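Pasting the structures here.
In the two assemblies presented below, chain A is common to both, partnered first by chain B and then by chain C.
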Partner chain A sequence: MLEKFLKIDRRIIFLLLTLVLFIPIVKPLNLPIGAVSVDTKKQATAIVRHCFKKDLRVGVITFIAGATGLIEEIFEKVPQEYRKEYGKDYVIFPYQADYSAVLTQMGFDLYQIYDKDKFGTHPKNLPVMQGIKSYKDMGMGICITGTALLDGWVAFAGDKFKFPLGGGVTAVSQPGYGPYLQTGQLVGLLGGMKGGAEYESLLGIPGKGTSGIDALNLGHFMVVILILISNIIIIVTRYF
Partner chain B sequence: MSETWLIIGGWVAAGLTIFIFSFLYKDNPFFKIAEHLYLGAGMGWWFQVMFYNIWKPKVWEPVKILVNGLQIIQSYHIWKPEFWKAVWTAGDWTIFIPTLLGLSLITQFFQKISWVSRYGFTFIMGYGAGLVIPVSVSTDFMTQILGTIKPLFKVGTEMSWASFFYTFNTFLIAFGLVCVLIYFFFSAEQKGLVKKASNIGIYFLMLYFGAAFGNTVMGRFSLLYGRFDDLYKYSSVKYFYAAQIIAAALAVYFILNHFISAKKSRAAQDNSGS
Partner chain C sequence: MMLIKRYIPLAIVFVFGIMTLATYYIPPKLAQDYYLETMNKWINIVAAFAFLLALLSLFYSHYNKIKRKVDGWGYSIFVYIGFLVVVVCAIKSEGQLMTGPALTSLGWIFRFLYNTLSASMFAVLAYYIVSTAFRSFRIKTLQAFVLFMAALFFIIGKVPLGNVLWNKLFFWTNVSISQVTDWIINVPSVAAKRGIMIGIAVGAIVTSLKIIFGIERQYMGKD
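And then the complex of A and B:
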């Protein structure tokens, strides 16, 4: 009887997981931990909001072609919340392919690489870029990525030019970047949904709600229960 | 974007998501459609990105400026230095170096001249190695070693919980590092003290793997949550209940498919029996 549980149709587990993740979306349960960020997009949104809240100038670059849509989505909405103007308070640069060359060049003269913003204007003509030529003119850089790009930022920008760096990565990558945090090569690190939620919570900026963390908590709870039950069954069938 | 296109986009997004998830039940033609569409659309999208973001601004436009610059040269006295100065300043001639190196890679597809591609690959290898090796040694090797051999005590700081935890963390990192290194040290027989340290090293490795796997699970769940969140959005009246209708249609397909397959297999059994 117990052994049948170990051979359970995996589709039943998929169905359970679907229910567990879907229920909090439809009806949030308000389990502990502040607000929520679904992924790196929400991390980026929270960071942009924080920058605008502190009246900092923001420059956005990307080495992932697919991120251009996400950047547009964020900057269509967030600047309006803080009455920020394009060109005066923030600037968006177009996609560039070779991150190692771009990151190295930005340590000397970023206009050699970015001679146009995303609308084709020379960035030197924008008020937001006044006094900015290389990393040494910037307060810090934050790399939000679902890829291994943060490695490149640490190597080519942070370490090489002593440029303070923060990172926002997926939960999968977070343990791998822990050593950079410990050595001070990164000044801060957000990891996945949980990191985004903690950041929003610290800022006191309202996020999307609590459904994401509810779903994650329930999902983890289900995995832990399944692991425990399976192990107990194995022990019982083997030793009793 | 107009409301109609938003709704159409919602139906396409919800449909493709449900089609891909349908594989979890079993393989089906709708999953195959979504899979092939994903690959095709991905390739097409990358092509346009490379075309409009790399080829057009980095190659086509500089060459166009160069050609326009050459067209306005008035003097054709090729023996005069002024002519060559005008030719040189007509545009950016250096653009041809990376362009030709890039084009050389395409010769891979033509066996007789495929040797030309070596120039492009040689440049990529040399450039990549020269750029990456020094920074990797500094970033991932030297700095990381320095991070594991920090002083155990902060000189000049008073005893507090913070300084205690600093010392504890520093010791734990150094101790863990030594134990894990001993586990991977194969020049000495694993017995006695070496064996004990090696066993402790295994626990440190297990802790890392556990943390990494836990984070992987969390990451996958958050991706899944993202898709479910979108499906929930597309299940609203604004999108004419796209998610529910598509999911229900797929369920009907599976039920019908089940009965038709069962009928076919019964017919096949009857035929083979008779």
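And then the complex of A and C:
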């Protein structure tokens, strides 16, 4: 009987997971949690908010073609909250294909690679870029990514040009960046949902909804419970 | 033919490999003025052409699937349709995702098709992870047990509900779940990761030297 449970049709597991994820979204359970930030997009949003709050100038680059849409989404709303203007307070550069060349070149003269912003204007003509030529003119770089790009930033920008770096990665990637944190190659690291939530808490930005987090909470626990159940069944069937 | 197919590519790899390596050991200003600036532009251009090559390869592969009517050949048609629609919209929108506060057709595709489809793909992945976790994660050895415990603590530590449960059930230990996950990240995980990183770095150096000196030639193909 118990062994049959181990061979359960995967469609039943799929249905169970659907219910676990769907019900809290339709009817939030309001599990006791703090601020909310579910992914790297939220991390990026929180960091841009923090920069604008401190009146820092922001420059955005990307090496992932698909990220341009996410960047637009963030900068469609956040600058308005802090009355920031494009070209004066922030600039968005177009997508570039190869990160190693761009990151190396930015250590010498970024205008040799970025000779126009996303609207085709030469960046040197923008007030936000006044006095900026290379890494040594910037306070720090923060790489928010769901890929392994942060390794490239450490190797080609941080280590080579002594450029202070921070990162924002998914929870599953976070343990892999521990060595960089210990050695100071990264001055800070946001890991997944919890890292984003902690950052938002530090900024005093309230959470914007709990339904997604409820689903995520329950989804994670479902994985753990299923693993435990299957292993308990194996032990019981084998020894009792 | 051997000259074009073998000796010239090998010579290019050797010369530029050695020169790029040398930039780390000569004054940065010299390297920047005479070599790196030009090379960085070239790398970017070559990378862009590599995309073009990949695109042609993708089209060729799907053309063959349609021609041979292999299983699921109908999906290959969508590769062409998708490409055509995005390119037409990109040309029409002049590559911009937004004009003022309004989305362009390219922006609409990114926000309502690309982003949502990407999210859907990863969401589907979650189903397979859960199913596989249940069916395959068997704690049969001590190593598997250690792996499971590390994963368990990590999940509890990274999910807010886990924090709440830990604080209620294990408050008497005077150890927070953050301390446990921080220890996992900072001690065993870093030790393992550092070992892997050193191994990868040594391997990359050896492979790079083999490529520069023409010992490793697989990247040139079989001809």
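Everything that follows uses one rule, which is that the second predicted complex is superposed on the first by the 237 of 240 C-alpha atoms of A that agree within 3 Å, B and C clash if a C-alpha of one lies under 4 Å from a C-alpha of the other, contacts with A are read in each partner's own complex, and residues count from 1 in each chain.
Here is the rule we use: contacts are C-beta pairs under 8 Å (C-beta built on N, C-alpha and C of every residue); 3 or more make two chains touch, one makes a residue touch a chain.
This is a predicted model, so every value here is computed, not measured.
In the superposition on chain A, A:T237 makes contact with neither chain B nor chain C.
Shared-chain residue A:M193: touches chain B and chain C both.
In the overlay built on the shared chain, the residue A:Q130 is in contact with neither chain B nor chain C. A simple residue count on chain A separates chain B from chain C, and the partner touching more is C.
When the shared chain is aligned, chain B comes close enough to touch A:F22, but chain C does not. Within the superposed three-chain model, A:E76 lies in touch with chain C and out of touch with chain B [touch as defined at top]. In the superposition on chain A, A:T121 makes contact with neither chain B nor chain C.
Residue contacts after overlaying the shared chain place A:V102 against chain C, while chain B stays out of touching range.
In the superposed model, A:I113 lies in contact with chain C only, and not with chain B.
Within chain A, the residues touched by chain B in the first complex and by chain C in the second are 14, 17, 97, 100-101, 104, 171, 174-176, 179, 182, 191-194, 216, 219-220, 223.
Note for the complex: chain C touches chain A at residues 32, 36-37, 39-44, 46-48, 50-51, 96-98, 101, 107, 110-111, 114-115, 118, 126-127, 129-131, 133-135, 137-139, 148, 152, 154-155, 157-162, 164, 184-186, 189-190, 193-194, 197.
If you check the complex, the residues on chain A that touch chain B are 11, 14, 17-18, 21-22, 25-26, 38-39, 65, 94-95, 97, 100-101, 104, 151, 154-156, 158-160, 170-176, 179, 182-183, 185, 191-194, 211-212, 215-216, 219-220, 223. If you check the complex, the residues on chain A that touch chain C are 6, 8, 10, 13-14, 17, 31-34, 66, 68-70, 72-73, 76, 96-98, 100-102, 104-105, 108-109, 112-113, 118-119, 171, 174-176, 178-179, 182, 191-194, 197, 213, 216-224, 226-227, 229-231, 234.
Touching chain A in their complex are the following residues of chain B: 24-25, 46, 49, 53-54, 128, 131-132, 135-136, 138-140, 143-144, 146-147, 173, 208, 211-212, 215-226, 228-229, 232.
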